[in-house]
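The structure under discussion is supplied below as structure tokens; questions concerning it will follow.
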Amino acid sequence: MQQPLLEMQHVEISYDGKPTVFDFNLQMELGEILGIVGESGSGKSTLIKATMGLLGSAGTVTRGDIYVKGKNVLDIQNDELRQMRGPEMGMIFQNCGSALCSIRTIGDQLYESMEQHRAIKRAAVDLLAMQLFEKINLPDGERILKSYPFELSGGMNQRVGIVMAMIQKPDLLFADEPTSALDVTVQAQVIREMMAMRKEFGSGIAIVTHNIGVVSYMADKVAVMHQGHLVEYGNTEDVINNPQETYTRKLIQAVPKIRRR
Amino acid sequence: MSAVLEVRNLKKAYQKGKTEIVAVDGISFEINKGECLGLVGESGCGKSTTAKLITRLTAADEGEIFLNGKEITHVNTKELRDVYKDIQMIFQMPLDSFNPRIRLGESVMESMINQGMKRRQAKARAQECLANCGLSSDFADRYPHQVSGGECQRASIARAIANKPSLLICDEATSALDVTIQSQILKLLGQFQQKMGMSCLLICHDLALVQEVCDRVMVMFNGRIVEEGTPDEIIMNPREEYTKRLIDSVL
Amino acid sequence: MRLEKSITVRKSKLHKDQTTIKLYVFSALVVVLLLIAVFASQLVPYDPYQQDLGKALLAPDSNHLLGTDRYGRDLLSRVIMGAQSTIFSSLLLVAIISVIGTSIGVFCGYKGGKIDSIIMRISDVFLAFPGMVFAIAVAGVLGGGIMNAVVALACISWPKFARLARGQVLSIKNMPYISAAKLSGSKPAKIIFKHLLPNMMGPILVTATLDIGTMMMELAGLSFLGLGAMPPIAEWGSMMSNGRSMLQTSPWVILAPGCAIFITVMLFNLLGDTVRDVLDPQTKK
Amino acid sequence: MRKYIGKRLIQLIPIILGITLMSFTLMHTATGDAVDALYDNSGGGVTEQVKAEKRAELGLDQPFLVQYTNWLVGIATGDMGTSYISNQPVFETFVSKLPATIYLTLTSILATVVISIPFGILAAVRQNRMTDYLIRGMSFIGNSMPGFFVSLLLIYFFALKLKLFPVMGNDGWQSICLPTLTLAIAMAAKYTRQVRATVLEELNKDYVMGARARGVREMVILWSSVLKSAMLTIVTLLALSIGSLLGGTAIIESIFMWDGVGKLAVDSIMARDYPMIQAYVIWMALIYVLVNLLTDILYHYLDPRIRLEQEG
Amino acid sequence: SKSSDEKVFNYGTVAYSVSNSNTGLNPHNSYSGWSTVRYGVGETLFKFNEKMELEPWLATGYEQIDENTVKINLRDDVKFSNGKKMTGESVKACLEDLVAVHDRAPKDLQIKSITADGQSVTIISENKVPGLISYLCDPYGAIIDMEAGVSANKNVVGTGPYVATAVSDTEINLEANANYWGSTPKVGKVNVKSITDGDTLTMALQSGEIDAAQGLPYASLKLFQDNKDYTISSTNTSRVYQACLNYKSAVIQDDAVRKAMAMAMDKNGFTSVLLQGNGTPAEGPFPSNFTFGGDKVKTADYDIEGAKKVLEAAGWVDTDGDGIREKDGQRLSINWLTYTSRQELPLLAESVQASYKQAGIEVIVNATDSYKDFLKAGNYDVFANAFVTAPTGDPQYYFTTHVVDGSDYNKGSYHNDKVETLVGQLRNEFDKDKRSDLAIQIAQQVVNDNAYIYASYLKMSFVMKKGVTGFSAHPSDYYEITADLDMN
């Protein structure tokens, strides 16, 4: 029997003693793509941060357990968790620009995070990164690598963040609104690249997005969140075509549709 | 129809070492009263830079900007403050645009207090704006790092509309919002547009959204405006190669 | 499927509002210290200036809790009395230089351009100018006295804060939230006070509180130029330097004012840290 | 860059002119007479006539602007004059004292950095825990002890009791240890706190979370990102310290009989030895301008958002 | 025991420094002669004994030919350290250079001409100079070989037991002079180290880095006093701590105030407690080593009550109850100017401040090393300083610099007709006893006028490791390292 890639059991997360996410249960298999949609402020980022162990001092998982590849990430040692971050579970931030150190070049930071997990040459990292940049329509990779985050546009920073997470080929990739700052052409490329990664390496991807189009295009399963609760969970088609909850229905109705001809 | 904003031949280049990056390359356009102008284009094509140039947060290398017929390209800091009564902007990165040491409510109130409004009044108005954007009153007492990305963006919108500007520049203002909230906000902006004749420059990636709310749309590529027209014209009948690609990519 | 395990319950890291408690405690202690300084003459067990050569250099005992100095004066009384001149003059000095220096630094950093260059070069001149020459000149023109010492030190110490503040401003002033404040129509003054200063206060506050100790020493050091405290004024820095040769024979003479300085420096630093924490929302509720 | 450096070096000229004129003016108008000082020194009786002759010999009877101009002309022709007290050439005397001061400056800055950065980071990482309180406590002690007291304690324990180092003098590496430590303790006390404060500030920033999410080691985050950001403040302060250290520390120099420029400067100032004072003033101006130039360049490397060109 | 070559004597002193103007060994420059003589490199023609009486040194004696002429006979066995013989010619050359380049000597000696004849020199002076021979004992009179001249590092060739191998502003390295005319030096090498900080000096002695120290702080002396590992050699010197009263100040002009001030100074407390016994209460300007010093001059005893009465009688009363007396609306407050580079002076100031307060006099102390600026500005009532009153063993120097009209150190503008006449007589008197007599009279008058208040004489101490011998403090403060120095 294969171990699930991610398993959340009765997870409750509190900020300053105030619960924000309630009794959350979820399971993800290897190679699965999970779309997480929901109201803003419903706790999507919080769940991801909790799994990555990045809640900081304000937030705590007050109940429940989170298993990544069978390991309870809430209980393991700091360094073990660190080693998992990157190659085993990666994360694309909602706001990649500020998740980068503003006074070091992109190339430096990229190399640094690679080098922490395997012995690798700088040139090799640069090459890998440039290939990835190319794939998501970020030409002039050399300039990007030499740039500081503040010298790039919002979308460029976002893509840098995407590359930083994907370059490690993590088994489990969390993408927190990875494409909301990107124009649609790039968005399509990024999504294609993620799908390719799943195909090639069998990564599981949990993607948070407000774009129902993206969800229906790529996700196998969908989780809908509302005010800290998981209100609906199921196969993408089922949920989108046949929403059960009122909130889900509202959500799907509100999606603007492009009219072509 | 009178133009609220008129931009002529605006240019901006950034210096990076020895190479020069032309972010905005001689663009001209105007926005009429009560109009919503969409600005779409690939990431890094110069949209945010355009927004920053119009608001004079970055100095332009060349070109002129007229607000209500008055040239504002070279006005001094004092006059600029008057300009800001009319122009407001929603920043692309909401979190960074809030002072980390000031509560959200306070930040929203700032512009009103600057216009001479009483604190109590400003506070009430701030609450109202936040509520309009779907944030309950306790968010006013939170610090930027204590809210989610979407909540921060909503606070940023609340801040921008608090002063009822005649021109609002939205730099990807709704990209981090779920569609229910997004439609709520757009409805709100629509109201402003109708009631007060507010104009809007909507920088956006979501073509469907553009089609829904904009009166006119411009497509920007490599610092230039390559195509302009009503959304339906552009989407149903794109002329430029890039625009075609853009539309085809919509999922 | 894995078996359902029992649910783990973890304790929430409930942050008690420690900073506020600390703020109260340290403020209270500082107030006590200031009260001691203000009411020093009422609190002293003996006349701090009363010499009794017959009782010179007595080790601490029940009569003289901190012992006596070489003139037979009660050290406890002198340390208490010394709080006045020492704390007030160094506080005043630090207040002057940090306020003036920071203002100039912020102005230059914010404004930039020619004015910045010119003022920074002037601050270079002051920084580079040997303090001794300046102090002697002040002594020559204005005469001795603690206030003149404060003036002399203030003249040569403000550039430190100016540079520090300028560096901070340069790194903050391009943040988007400053742009946002400009867009809100805030006047430069408001931007500076509300947005720049609170975000750059950390290092400045730390430097200023640390400087209280340094300035005590510098003020004492100037007394040999005829600036600063003159005998028989009890002033901690001079008490220490006057007692230095007794370190091996009568250590209490130097330890008593030394401990007083230590306690004061520590209190003000702790208070400074706490104020910094209060200003920092990340450590607050 | 080269242009910028050139520009800054040219700015040196007005600074040196300004600062020397200022010291000249102050010393001449606000203080006593050099010849009086010269003869009063050890209590000998000299007639007014002898003094007047001496004044004429030194050119001190002329209006002070003339004196200043003469001095400037001397400098331009490479002559800094002779000391009033020792009658030795100023330039050579001054330069002969520099190596000791520079040596001590380098070692003590090094020691300061080596002590304060790890301790500051440690205190920040362990905020409000035992280690933090301990480190801060030590820094308060270091900050509240006058230099002479620290040096006496160090001499007492390390030279007298443990016999590890000599009490004073300048021969061999052992003799630099105590003066270095004395200076480093006071400075490290400050820097430790500064490092702690700035690191704390940085640790709260989002990019730290970003790096953690990529599995970067905590140590690496601290050293390569956090510290680099924190350096901005530290470099500013270090520059000031280097400046004042290169000006010599009279007290430490006389306690350890470390023959540097600090004591020379104080002696010259007390004796109103104008040529020597001017040499000292020039040296200080040089140092500060160069150190500031270096800091500004360093600023640019530490924080690329700060543009050099804006400042020139 | 070690042979003399192996013996190295390390000597730490606070007295050798640039700020004392005595660096280098060229006696013809400023005060460097003190170093020449102190460290055994040079010797003068005559010297003082323990009682400050003249004795021949490089000379064998002198004859006063007439009032303006003196003939000095030289020893025949003296060689400079370079082996050259000291002759009348070499002494003449040396003295001629002295009066040509030195700043004080020409005025002191008033030499018109010098003639050399074999092993004798004859000096003819401009005016009558009764103290000529004493002046020649001043270290500037050290005889050096002018042919060898002065080296770049300010080294000279002298006749003393030691030869300098290296001279710098902070250290002098000496080696025994193989050509020394007297007894062979017992120590092979001597290093004189300038250690200006008292505590460093103390600890250097404790750690054994130096074998002897001069100028230890009083507080440190205690550490060595009852310690069998060290010996101390002390003597009274003519360095006196004195307060010069400023007659330009209205308050000071009041005789009663000066009198009260003299009576209210606790000299005993000052010397016994504050100087920890390392000083002697002073009456007049000269200590008891001199025939004209010590208790030959009488002053009022320490008497606070008496001082109060004097002030009371003169109309100074405390009307407002603040403990300070007033008269005609004038507060009895005096400005006490002094400096800190002599450790005793601030102590004196603070001690006086307390005892005067008891008598109802307020003292505002200004202890500053830039005291010269304040002296020049003139806004002070008392200037307290330290002064070597009889560097040449003769009283005239002190009086001509301190008490006569317009003299250099008469900072307080003291004037007394009687004193003027007496000093005039002293200038022209050759007879030793009569000179002593005059000196006593003048000093007594000065003390009676309370123009100067003498607090204490400095007791100078050398502290040395046990086993160091032949190293003792001399009242003149001229002689430190001699051929007798030995280490066992």
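Every chain is named by a letter (A, B, C, D and E) in the order it is written, and numbering of its residues begins at 1.
Definition applied: a residue touches a chain if its C-beta (ideal position, glycine included) is under 8 Å from a C-beta of that chain, and two chains touch if they have at least 3 such contacts.
Labels paired with UniProt names: A, B = ATP-binding cassette domain-containing protein; C = ABC transporter permease subunit; D = Nickel import system permease protein NikB.
All figures in this text were calculated on a predicted structure; none of them were measured in a lab.
Between subunit A and subunit E, the least number of touching-chain steps is 2. Across C-E and A-C, it is C-E that has more C-beta pairs touching.
Using CA-based centroids throughout, the chain positioned farthest away from subunit B is E. One finds 46 Å separating the Cα centroids of subunit B and subunit C.
For the pair subunit A and subunit D, the distance between C-alpha centroids works out to 52 Å. Between subunit C and subunit D, the centres computed from C-alpha atoms are 21 Å apart. The distance from the centre of subunit D to the centre of subunit E, each centre being the mean of the chain's C-alpha atoms, comes to 38 Å.
Along subunit D, residues 31-32, 148, 152, 156, 206, 303, 305 each make contact with two or more other chains.
The multi-chain contact residues of subunit A, meaning those touching 2 or more other chains, are 58, 95, 98, 150.
The residues of subunit E that reach two or more other chains are 199, 369-370, 373, listed in rising order.
Interface of subunit C with subunit D (complex): residues 18, 112-113, 116-117, 120-121, 124-125, 127-130, 132-134, 136-138, 140-141, 160, 163-164, 167-168, 170-171, 174, 202-203, 206-207, 210, 213-214, 217, 220-221, 237, 240-241, 244, 247-248, 254, 258, 261-262, 264-266, 269, 273, 276, 280, 282. Subunit D makes touch with subunit E in their complex at residues 31-33, 36-47, 50, 54, 85-87, 148, 152, 155-156, 159-160, 163, 166-169, 254-257, 259, 263-264, 267, 270-271. Residues 14, 16, 19, 40-44, 48-49, 92-93, 95-96, 146-151, 153-154, 172, 175-183, 205-209, 211-212, 232, 235-236, 245-247, 249-251 of subunit B touch subunit A in their complex. Interface residues of subunit E, counted against subunit D in their complex, comprise 17-24, 29, 31, 103-104, 107, 169-170, 193-197, 199-200, 203-204, 206-207, 209, 369-370, 372-373, 376, 385-388, 397, 400-401, 407-409. Taken in their complex, subunit A has these residues touching subunit D: 52-54, 56, 78, 82-87, 90-91, 93, 95-96, 98-104, 108-109, 112-113, 116-117, 148, 150, 161, 164-165, 168.
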